[in-house]
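Think of it as A, B, C, D, E and F in the order they're written, each chain with its own count starting at 1.
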Amino acid sequence: MAKKAVTLGEIMLRLSTPGFKRFVQSDSFDVTYGGGEANVATSLCNYGLNGVFVTRVPDNPIGQSAINHLRRYGVDTQFIARGGDRLGIYFLETGASMRASQVVYDRANTAISEAKISDFDFDKIFDGADWFHTTGITPALSDQAAALTEAALKAAKTKGITTSIDLNYRKKLWSKEKAREVMTRLCQYVDVCIGNEEDAHDSLGFTSEGTDVTKGELNLDGFKDVCRQMIDKFNFKYVASSLRESHSASDNGWSALVYDGKEFYHTKKYEIRIVDRVGGGDSFASGLIYGLMTDKSLPDAAEFAVAASALKHTIPGDMNHATLADVETLLKGDGSGRVQR
Amino acid sequence: MAKKAVTLGEIMLRLSTPGFKRFVQSDSFDVTYGGGEANVATSLCNYGLNGVFVTRVPDNPIGQSAINHLRRYGVDTQFIARGGDRLGIYFLETGASMRASQVVYDRANTAISEAKISDFDFDKIFDGADWFHTTGITPALSDQAAALTEAALKAAKTKGITTSIDLNYRKKLWSKEKAREVMTRLCQYVDVCIGNEEDAHDSLGFTSEGTDVTKGELNLDGFKDVCRQMIDKFNFKYVASSLRESHSASDNGWSALVYDGKEFYHTKKYEIRIVDRVGGGDSFASGLIYGLMTDKSLPDAAEFAVAASALKHTIPGDMNHATLADVETLLKGDGSGRVQR
Amino acid sequence: MAKKAVTLGEIMLRLSTPGFKRFVQSDSFDVTYGGGEANVATSLCNYGLNGVFVTRVPDNPIGQSAINHLRRYGVDTQFIARGGDRLGIYFLETGASMRASQVVYDRANTAISEAKISDFDFDKIFDGADWFHTTGITPALSDQAAALTEAALKAAKTKGITTSIDLNYRKKLWSKEKAREVMTRLCQYVDVCIGNEEDAHDSLGFTSEGTDVTKGELNLDGFKDVCRQMIDKFNFKYVASSLRESHSASDNGWSALVYDGKEFYHTKKYEIRIVDRVGGGDSFASGLIYGLMTDKSLPDAAEFAVAASALKHTIPGDMNHATLADVETLLKGDGSGRVQR
Amino acid sequence: MAKKAVTLGEIMLRLSTPGFKRFVQSDSFDVTYGGGEANVATSLCNYGLNGVFVTRVPDNPIGQSAINHLRRYGVDTQFIARGGDRLGIYFLETGASMRASQVVYDRANTAISEAKISDFDFDKIFDGADWFHTTGITPALSDQAAALTEAALKAAKTKGITTSIDLNYRKKLWSKEKAREVMTRLCQYVDVCIGNEEDAHDSLGFTSEGTDVTKGELNLDGFKDVCRQMIDKFNFKYVASSLRESHSASDNGWSALVYDGKEFYHTKKYEIRIVDRVGGGDSFASGLIYGLMTDKSLPDAAEFAVAASALKHTIPGDMNHATLADVETLLKGDGSGRVQR
Amino acid sequence: MAKKAVTLGEIMLRLSTPGFKRFVQSDSFDVTYGGGEANVATSLCNYGLNGVFVTRVPDNPIGQSAINHLRRYGVDTQFIARGGDRLGIYFLETGASMRASQVVYDRANTAISEAKISDFDFDKIFDGADWFHTTGITPALSDQAAALTEAALKAAKTKGITTSIDLNYRKKLWSKEKAREVMTRLCQYVDVCIGNEEDAHDSLGFTSEGTDVTKGELNLDGFKDVCRQMIDKFNFKYVASSLRESHSASDNGWSALVYDGKEFYHTKKYEIRIVDRVGGGDSFASGLIYGLMTDKSLPDAAEFAVAASALKHTIPGDMNHATLADVETLLKGDGSGRVQR
Amino acid sequence: MAKKAVTLGEIMLRLSTPGFKRFVQSDSFDVTYGGGEANVATSLCNYGLNGVFVTRVPDNPIGQSAINHLRRYGVDTQFIARGGDRLGIYFLETGASMRASQVVYDRANTAISEAKISDFDFDKIFDGADWFHTTGITPALSDQAAALTEAALKAAKTKGITTSIDLNYRKKLWSKEKAREVMTRLCQYVDVCIGNEEDAHDSLGFTSEGTDVTKGELNLDGFKDVCRQMIDKFNFKYVASSLRESHSASDNGWSALVYDGKEFYHTKKYEIRIVDRVGGGDSFASGLIYGLMTDKSLPDAAEFAVAASALKHTIPGDMNHATLADVETLLKGDGSGRVQR
């Protein structure tokens, strides 16, 4: 019987322009669905685990299509509440070279942002579960969603389930002040915290010598300092972060740093020719969770996570459709791209 | 110098599934933009008039794309206010045979629904204008939008501009009670009222022996009775209605009835093989307005309008891209569809 | 808790040319998946029942994609065996007017045709099930598949589950002699037999004054005679058949005849403008099964079935994505195709 | 060894808007190649004959693509001259219902219009040939092209090859006066003349009580009178014409009238749901030529031709990709459109 | 009130193969419109200026579509003359790696090449204008077009408007001798001359130690020598050139050199992963014009221009749809390609 | 008269996912046709030679489409036998960066694998031929196909035709033991052997210090040793191999090594940004054959071959649509990718 992981959050309709077109040029949109926690649940299913995604979507064909997208990839959708007025939408224009990808959000008043705790039976949801994951996006959606996130984390902890959060600060959803207040409260229920230095600063208020993220350079020492502070304050079991070196919209360096309170481990770095970098962080989170759920050591889990998420960058859509075999091939060192016949 | 017509209302992003696919089957959407009043302005431009469209769209690339769509077809967009959070969206699944087309609206909290009267300088907007047109959809969007509509109608009347309204009752936007209250107030500023029996009932409370709209049969006597009541009450110069006989989603009969307070005129009826029937009513309105603005008699304007809108049903998208020459060819009796080389 | 229906058969990769192109013109294929019994399971899920599809697909990404297609629409795929060399393929060229749609099968040596009875645990599969359905295509695939079909029917009967079969004679798969031998054996386990006069002749050897199927005319008296013979011989509870009048590849008349051993009932007839007629018969079967599983009378079930399958003809792909609400709207008499807003 | 038919004329790049879009809406064009005589050569190849197409195309990749298109369908392209500046282009917007398809030609100064007689070795070209076909379009392209056409017809007659011409008057290419002068000269070398009453009038000056082609009605008596005059004057072996009843751009009646100087024969009439009517006349011509080349009687050849060209109307592109088997199935009376499995 | 810039030249229909296909492989073309001066006008509109484009297009739907394309992006098209036989066309096959993009022109006898000076009212056109721009392509189209270009330049100078020209030598349109004769005459009316060393040689006859353009290496000293000669001879206010290092069809180095008669300034160099390099030079010109029109220093204008045109290389189509904000982000140093949310 | 080259082998239907999609994401497939020997024949036609391809395809529209694909590019298909049940299929998912392209074969029981020697008249086929080429894939398809390959090689040698083979070991088709037995027998009839070290090992049993192909590093010394052994044993005139350095699925180094029994020649190396690398080896083979057939020296033929095949990597599909002019431009050193106008 596969292990069970539950994630809670928003799934959005993603509308992206084809072929590097700008929004103003485009007469069609590619349609897919995604969102931080939905992406994690899907990726875990792709690795053979039992991924359960909890959210609320409107009782209309667009909401149904989001559910169908999840089901297609094996996600257990039985606990998704139906109701509310609309599914969140995000518009995506894929960049290239020095032109950044651009996202336009249209995510106010969505079904999940107006969900009530009573829409969900956490007792049933967490029954037999081994892991619970959410992100800093969900509590940012609304006060109601923040309360829902806290209720879920509490319920999970009560059941002895390992919990993880990806900080994912979104400045368009809330202020740093509000984020820090809520996230600080939520982090007391968290075992594994995922987030880079910028997120740690914006969501939780930690500071060190900063990394100028627009320069594509990493300041590992500063971040290590922040990691130490995080574990000091929240008693996280692990802190982990992917490390992106944004050379351009087409090429990124990609590695990860993990910390168990004692030792730091910096993974192998991949140089990636990017197809679609949205969901890159989520694919790192799901890789890490997979590694830890299958009892890998923290460094091994991190290597798995960073290889998995490197592959994600070559796959269109938000979700990581790399299989376990794909990741393992890359982990064994075969990134040569020779045709597999 | 071409005559100038101003329309006020909402323009939405239209996302439609290709090739008769249902929403749950579709992995891409065709993208266009439309809305009752925008469609009228565009069609008038296609006939060579100076169409001005007034609305408010968000200051983001999606709002810009809506403006660009209007500009592409020659609409004067200089008075469109920028601001607000989002553009309204509607999702369309094109039906066939006995399967009806389905529309899912996502139009709450849009830029135009939150527009203020002060966003628009009606003095400038109506300068030199000959006609003003709006629909019953705009006041239904919000109380603010209803106030805006009233202000526009008043300003137009003050300037001595001919005004028209298409009743277009939308049950998802407001109740009949609310509609009747607001529309009754607005109709005092209206010269030409467009709407079928159902709309006259829902929006203005007029009643007669009804037409069962699901049967595809017309009850002209009942509707004539309603027309008389409408002119009695509001002193409209003209009342006009397209008459749709919905044999199926693929085939419709299409004609029109107009009334000048003295005589009824029933146009020629076209049997249409449908490509896209959304915007059919708007294309009738724009045809009628074109006819009246170019000093045709009411029956001639009605024949123009119904021919124009018959052509619209064969064109994808909300807007009628039939040209003056296209309509005139059909009016002259050539609906043979012989290739024009 | 929704009722559970199990179906057993083949699911194939369907490759169809877009836009009425002939095979020799086409540089892309639209991809979907389908097969008689898979189509029935999916449609039952679309009506809210618990549809379980049993088959065997290869353990490669093409097999996985077939499973994903089923999951997308809610089908329970847990009992699908993995193994074998290939998924069956069929190529489809959609006809129009007097040009018939053309199917090229490439379905030899498929995973399901080489499946063993031991690949499936019918005890578990039928646990809690209310209905079992298969077609005459499955036993035609191979002797092994015929044995598997018989084992499944036997297991279902043993558990007291209602069984149905759609005769579906396929001349490219087996001879009439072979078909009659096998189908006669299988029909002893069947409660509800679906099939037209031609199938009854080819699969089971029944004869009457024939219908010339190429003429698009129906010979109901002859078929009634056959129905009586069928119930006499096999003690079926019900015999049912859709009745297609093929005016052309674009337009068909569509109704159904059902018989309970006492009375014949001929449903309403629909005149259909066709989008995709493949799977039309399967959508009739699933409609009938839905009706009977939800305790409708035979005539009511037949009316549901024929309305449902009329809608199928307007939907691309093999599977009927009409919802319960869609069918009920049509049953209530609204086939007017008015836009549903 | 298959019989050999030579055709001479222009092949153009055809750029058509997808999905009933108007030109002003379209951001892509479907690309194919066609032209009256090229369509005939291709269709003859599709029936198993040896079709040779003679033209001149520019020595650039667009010219090469036209050749490749012909080769794809088996046409012998070895005698196509390379040179000149450009390939002719035509833009096509496919109509529906009362909206006619619209063609915009861009065919001045094309390679074939500037071809010299010395570009072609008619001795070799006609070696072993049984039939030569051209149309009234080729001589209309330029004086040079008219001289080339005459040279080809003369060479064919000298070799004792049966010749046919499709009158095809194109008012944008030349005046009636010019057409009549040239075509009268050419017709002295012609055995089989194809053309409707309108063409006979415009190209050759014959007159009778006319058919108003915009009304979709046929005036057979008038046309028969014209046929008699044609044979009187030119001593044609046969005169043949397809008869189109243009109900709309979506639906046409389609039959043919042939005359051998003694008796008229009016074929079966097909009611066609149109996919693409461009090339309909060419498919009739190729069907007739096929019939006569394979020694059918004139009525049988005409029935073959009209069935073949009915099928053409259901196939996208200029060329008739119906096979011999397809036509024969329809001739045997099966236009039921039942799926061919 | 935004400043006004007028450009004069040709707009062509661009037909490009999708997805790196070669011409001979392609069954569809992507459709857009472009041309040196049209691209400049559009880009200036994208930066918020009032861009006016002057040309002549045929009075048919293809000409209308070109106008609509310009209007879509805000270009003032009121002075475009209608008439003539055809719009110029160019076919584009996008290269990759060591395979160069290939352009096939079909631009003879176009509407603009046959335009008369009297088709345009330069008094009105230049009313309130601040800048006039054209290129060496326009006078190369025909003697008439050369006369038109000269008339426009003279009229602009008479009105005291700043003028610029992009040399853009096209060997398929005219000989070097002819070019030098005409361009030398035109350059007397020019303030800002844009062109690289090769163009300066081919169009104006200047020579220095050459750059072998096929090697992707730059010879700045030689070019500086040419720049000095150019200002000596024509008294240009500024000479400017983009500097392309063609590593391959996929990767280019991109910078610019500008000269004010006193000092040379060499901008930052960008290494670009190319999406579409057609129109790269035009986007440099429009960036430079924007900079100078908004009173930037020459070096600042050059930095703006080179950043703007670097972005163009990442956008499909001829035109630069980078906005002012996009360019400014890159100028501030953020070419990291981090997703903009 | 162009020289004539015959190739024998399989042509398969290739179904590939668009836009880097994974199989499980794809709702359409791009359709083309290819196979080692078919690719060589086509490429030789693209260079102006007379390429003849010999195979067997089913007598259905899919087989016909494969033939049409070959004809489109000028391949002589007159000797292709018709019959058998199916065309081989391969599914392709194009990789990027560290994600390898993935191929799923469905090629059992294909028409060619069941072909008999008597299906082909080698006397006629080889009449006037200068070269015969096949690969190690054809004999691997079945014992029958191996016998056919041997018969063809023998017939060619008897006629004094130069023969070449590309070793192309396919582990899914046969074991190394079987391959070595058959290939050793076939190689006695071969003049030019193409294959890398890995193939030489797997197909013929040669061994040296190995190259770890997953590392993207080359071990030239080892391979040279193998080349010497190959010529010793089989008395090949030439041994040749492309040398691929797989940096990733997006970037490869590409060169070649050739050996005439006396001297080794290592060509220029190209660094390629990959569009489609399937068929890369075949394009090398066809380039080499072209070079040798046109009497280039072995080093010159190798330079031609490696330049040609570098270009292939930038072209979608299996086949190399680079023309002679394209290759010669690159050979002259222009890989700058400057637009060719």
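Going forward, contacts are C-beta pairs under 8 Å (C-beta built on N, C-alpha and C of every residue); 3 or more make two chains touch, one makes a residue touch a chain.
In this text the structure is predicted, and so the values were computed from the model without any measurement.
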Item to check | Taking each chain's C-alpha mean as its centre, the one farthest from chain E | outcome: C
Checklist entry - Based on CA centres, what chain would you say lies at the far end from chain B? => result F
Checklist entry - If you average the CA atoms of chain E and of chain F, how many Å lie between those two points? => result 44
Checklist entry - Just how far, in Å, is the C-alpha centre of chain E from the one of chain C? => result 62
Item to check | Touching two or more other chains - residue numbers and ranges from chain F | outcome: 18, 22, 24, 27, 68, 72-73, 102
Checklist entry - chain C touches which residues of chain A in the complex? => result 68-69, 71-74
Item to check | Parts of chain C lying in touch with chain D, wherever the complex brings them together | outcome: 19-22, 24-25, 95-103, 105, 170-172, 213-216, 246-252, 277-278
Checklist entry - What does chain D use to touch chain E in their complex? => result 15, 18, 22-24, 26-32, 60-62, 64-65, 68, 85-86, 89, 91, 93, 102, 104, 106, 108-109
Checklist entry - For chain D, which residues are in contact with chain C within the complex? => result 18, 72-73, 270, 272-275, 310-311, 313-317, 321-322, 326, 329-330, 333-341
